[in-house]
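Multiple structures follow.
Both complexes shown next keep chain A, but they swap its partner, so chain B is in the first and chain C is in the second.
The block that comes next holds the complex of A and B.
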């Protein structure tokens, strides 16, 4: 509860700091709040589950782990991107919006009631609609914000209609009551329609096929720091919320749900990896690769049992690697451009940036001993006995993934006469991220 | 007045579904950004109607309380959406969504 209050007050205090002309205190305040939240989760680690607000939210082991993961990602995002946010000139608004969406992200991990789920999704998304459109003079950013807004709010409405139908069928908004109602007796057709609509709504939010088409447009048009936020914290929070909803309310109750999820995952992997390999814009390619990673995260939901280790590991490894990649992407995008050609010869003048980007991309591709490998390994080893066909698709599409990640790496290490020169910053933070990616293999057992 | 006594839960749900479907199809087929925006609001209001009628059917008030939350959120969405739309109009001088095709591939 204290954790949620800290995150909610953070946004308000950031706006207050702007009023009192204390802009330079915003960044330290955010870092302190994030550290306080991480400290809070570790202090509560191993505690019994604590139901609060008349059964609306619960602080259990899953909520603590996922809160810690999201906060670490948010902190790492802030440390790698704060210069870019401050450069825009309206940093207080952007920071406050980010803090509000962060509050929604934390709420996504610990709801036990569908009302809270809806509020969490909206608190998470509404600030991000504004952030996507935050570069007011750029037509691309405008278009990206508008598309994200229309599709995001339509997805919320579809999800909401699903919640209403489920409420009609079961008579409750509480996850565990819904589960009990679905387990006892026959399942009404109404709950099937409700489930399908909830799945559609969430499919939009986490961008899996066939509802992924907005993601490349929005990711490409939004300012790169915001794309980094959407690809990591927002996607991670949505997937954490979906995991809790499906494991809490539908696990074992809906007989064909698993088959539907398998089909969605397979289609997503094929489409996303296929589309990513034909992109010439690196940011757009990263968006498609994010869609394929969403399929892996979705796959953790069909691993039997409520064991969050695989999803937590996948989100943090993908999150840190893609924050590193988006950080370098931003450096190159500001000086040269976002096309693959703009990356040619990056290693000649900026060996550190090229190396960091290489390690981030290799981790996303799943090369051992980097963290991304363990994320994929846990998903595949969890599924190999129950869904062997799906794991084959996962491995094959990962090979395709290797192709488009290596394309960028080859471009960066190519020798050219006019290499791109970028302004390098945050070397220390990025090095810490790289160390984290390597050290994850030791830390796996505690997650 | 006899007809009002025969209105059942199914009628409310039918109306709500029709409104929701209108919203979805309007969103897919209309080209004006403001109309699309109205269609999203229509979908949210269809949900409100469904929730209130289910709430009455089950005899508990949770659904009706939820409707207030949805109204608040819809208001927040309108505020954000109109701001984005205004910005779009200032930069492009049109609200036709067919012109929004700079991002593709």
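The block that comes next holds the complex of A and C.
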């Protein structure tokens, strides 16, 4: 409860700081709040389930773990991107919106009621619609925000419709009651329609095929720091919410949904990796690669049993690697551009940035011993005995993935006469991220 | 502790080199390699007096992944090869002009460390990690220090091809791992779990492993990355690939594939042996048609490796022992042959064999040393090539006499292309000035020749290390 309160009050106090002209305290305040939340989760680690708000939210082991992961990602995002946010001139609005969206993200991990889920999704999404359009002078940014808003609201509406139908079939919003209703005997057709609509709504939010069309345009148009936020914290929160809903409440229906999920995952992997390999814009390529990572995250849903280790590990390893990549890309984008050609010769003047980006990309590609490998490892090892065919698709598309990540690495290490020179990001923070990527190998067992 | 220090010394050296700005990078690398050699030999002696060289501590206990290093005969043999070949490579290149040499040697040392990790690994996942990690240093070595028009295309193909292969190895290892009651990647547990699978399952597991190894060795038809990569890589990178890196694959067959899936290979693995034998003959014919020395050496390497693979897969004691022996011998030979290539290429500026001639008149000592290496390549008795080849053919004969006869062709074809090449380059009229060999070049060839002859005359020195592999 305290954790949620901190996150909710954070946004309000950021707005207050702006009124009292204390802008320079915003960043320390956010860091302190994030640290307090991480500390809070560790303090509560291993405690019994704590149901709050008349059974609307619960702080259980899953909620604590995922809260810690999201907060670590948000903190790392803040440390790598705060200079860019402060450059925009309206940092207080942006920070406040981010804080509100972060509050929604935390709510996504600990709801026990479908109404709460809908609230969480809206709190998570609405600030991000605004943030995507926050670069008012850029037409692309406006397009991005508009597209995201229209499609996102449509998805929310479908999700809400699904929730309503499920309520009609089971007579309850409560996850435990729905769980019992779905487990006992046959499942009513009305529930199936509801489940399908909820799946569709979540498909939009986490951007898996065939609901992924918004992702490349929105990612490309939004300011890069915001794209980083959407690709990591927002996507992570959506997938965590989906995991709780589908593995916790809908597990009675999961055996029947499994076939659909397998098809969605396979299509997503093929389309996303195929499309990513023909992009010439790195940001767009990363958007498609994010879609393919969403397929891996979705694949954790069909691993038998409720074992969130795989999803938690995947989200944090993908999150840290892509935050490193997005932060370097932002620096390159500001001075040169986001096309592949703009990365030519980055290693000549900025060896550290090139090395950091290389490690981030290799981790996303799943090269051992980096964290991304272990993320993929847990997914594939969970599926190999039940869905061997799907694991082969995963492996083959990983090779395609390696191809487009390598293209960027090649460009950075190419010798050119006019290399791109960028402002180096905070080396200490990036080094911490890189160390985390390497150390994940040992840290896996505590997740 | 011994195993750990041999794994860590090159890794730490590479970090040291990355962070050093001054010259002397080659000297640092050389010192560290000599230290490794001393530790390895000293460690081997100490193990005979009861010191334990192995090490194991759990890293991720929930999936049974532990950092475990072995220190048995085969592992020691391969580590010895890695160190000797590494010494040869660094010693050979220390008087060459190399840009950003600290990073160059840093990558080489990191590569050696990864490969030593793969050779010493007593844990399947650790083996896989090191097997994959070795790709990164060689990738940068080729990309940054390679040459040629299509460098990035070639590097990309090499990287993706080998990655594609090894991902299938991961699937196979995971399949075996999943079949256990209490999952563990420990070597003996993996062996037992592999043996417990049905012959059909073992066949599939073996297929996944063999695809990974076949790409890396390479075996026909997975070899298409190899000639162009050897051509574009810096000579040190080619040596690393041919002398040590492909041994990870053949060693993987001995250490992991055979013990886990022996029944599967016997019942469903004929295709792999057939491919290896085809590879031997195909590569020999390809070598026969090559006009360039480097390509000829590259294809001859494919032929040798196909032989090793066929011999090991026929799964007899001779095959395993002969395979390990031939790996060692071929490692030494590969470094030496590429040194010969580098010496000639430096003086002529190209390596088209037909346009050379008469080197023997200009440099008789060089011609003599090269001739012995060539003889080892065609498996003449009293050279190390003979011992390995003989044991491998003997083992293959237990499996199929027809295959033996076909693979035996490679000895004749080998003699044909090697002697033809030697004749073209060394005999005939002298048409080109030939600068005398430097001290480094002479020393390295002399040591290689010495090793090749000593191992050919007294193979027991190595064979006793690897008598009881399983």
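In this section, the second predicted complex is superposed on the first by the 444 of 447 C-alpha atoms of A that agree within 3 Å, B and C clash if a C-alpha of one lies under 4 Å from a C-alpha of the other, contacts with A are read in each partner's own complex, and residues count from 1 in each chain.
The rule is short, and it goes like this: contacts are C-beta pairs under 8 Å (C-beta built on N, C-alpha and C of every residue); 3 or more make two chains touch, one makes a residue touch a chain.
Values in this document were obtained by computation on a predicted structure and should not be read as measured data.
Student: Please determine, from the superposition on chain A, whether chain B and chain C clash or fit.
Tutor: Aligned on chain A, chain B and chain C fit with no clash.
Student: Does the superposition put A:213 against chain B (first), chain C (second), both, or neither?
Tutor: Once the two structures are laid over each other on A, A:213 reaches no partner at all.
Student: Thinking of the overlay built on chain A, is A:142 touched by chain B (first), by chain C (second), by both, or by neither?
Tutor: first
Student: Could you say whether A:192 touches chain B, chain C, both of them, or neither, answering first, second, both or neither?
Tutor: neither
Student: Under the stated touch criterion, which partner chain does A:122 make contact with: chain B (first), chain C (second), both, or neither?
Tutor: A:122 sits against chain B, while chain C stays out of touch.
Student: With the two structures laid over each other on chain A, which partner does A:413 touch: chain B (first), chain C (second), both, or neither?
Tutor: second
Student: Touch test for A:221: chain B only (first), chain C only (second), both, or neither?
Tutor: first
Student: Once both structures are overlaid on their shared chain, how near does any Cα of chain B get to a Cα of chain C? Whole angstrom is fine.
Tutor: Checking C-alpha atoms only, chain B sits 24 Å from chain C at its nearest point.
Student: What residues on chain A touch chain B, complex-wise?
Tutor: Contacts found on chain A: 115, 118-119, 122, 126, 129-130, 133, 136-137, 139-140, 142-147, 149-150, 153-154, 157-158, 160-161, 164-165, 167-168, 171-173, 216-217, 220-221, 279, 281, 284.
Student: Can you check the complex and tell me which residues of chain C touch chain A?
Tutor: 59-63, 128-129, 132-133, 135-136, 140, 143-144, 152, 155-156, 159-160, 163-164, 167-168, 170-171, 174-175, 177-179
Student: Quick check on the complex: what are the chain B residues that touch chain A?
Tutor: Residues of chain B touching chain A: 13, 20, 23-24, 27, 33, 36-37, 40, 43-44, 46-47, 50-51, 54-55, 57-58, 60, 62-63, 65-66, 69-70, 73, 76-77, 80-81, 83-85, 87-88, 91-92, 100, 102-105.
Student: Any idea which chain A residues touch chain C in the complex?
Tutor: Chain A residues touching chain C: 309, 362, 367-369, 373, 377, 380-381, 384-385, 388, 391-392, 395-396, 398-399, 402-403, 406-407, 410, 413-414, 441-442, 444-445.
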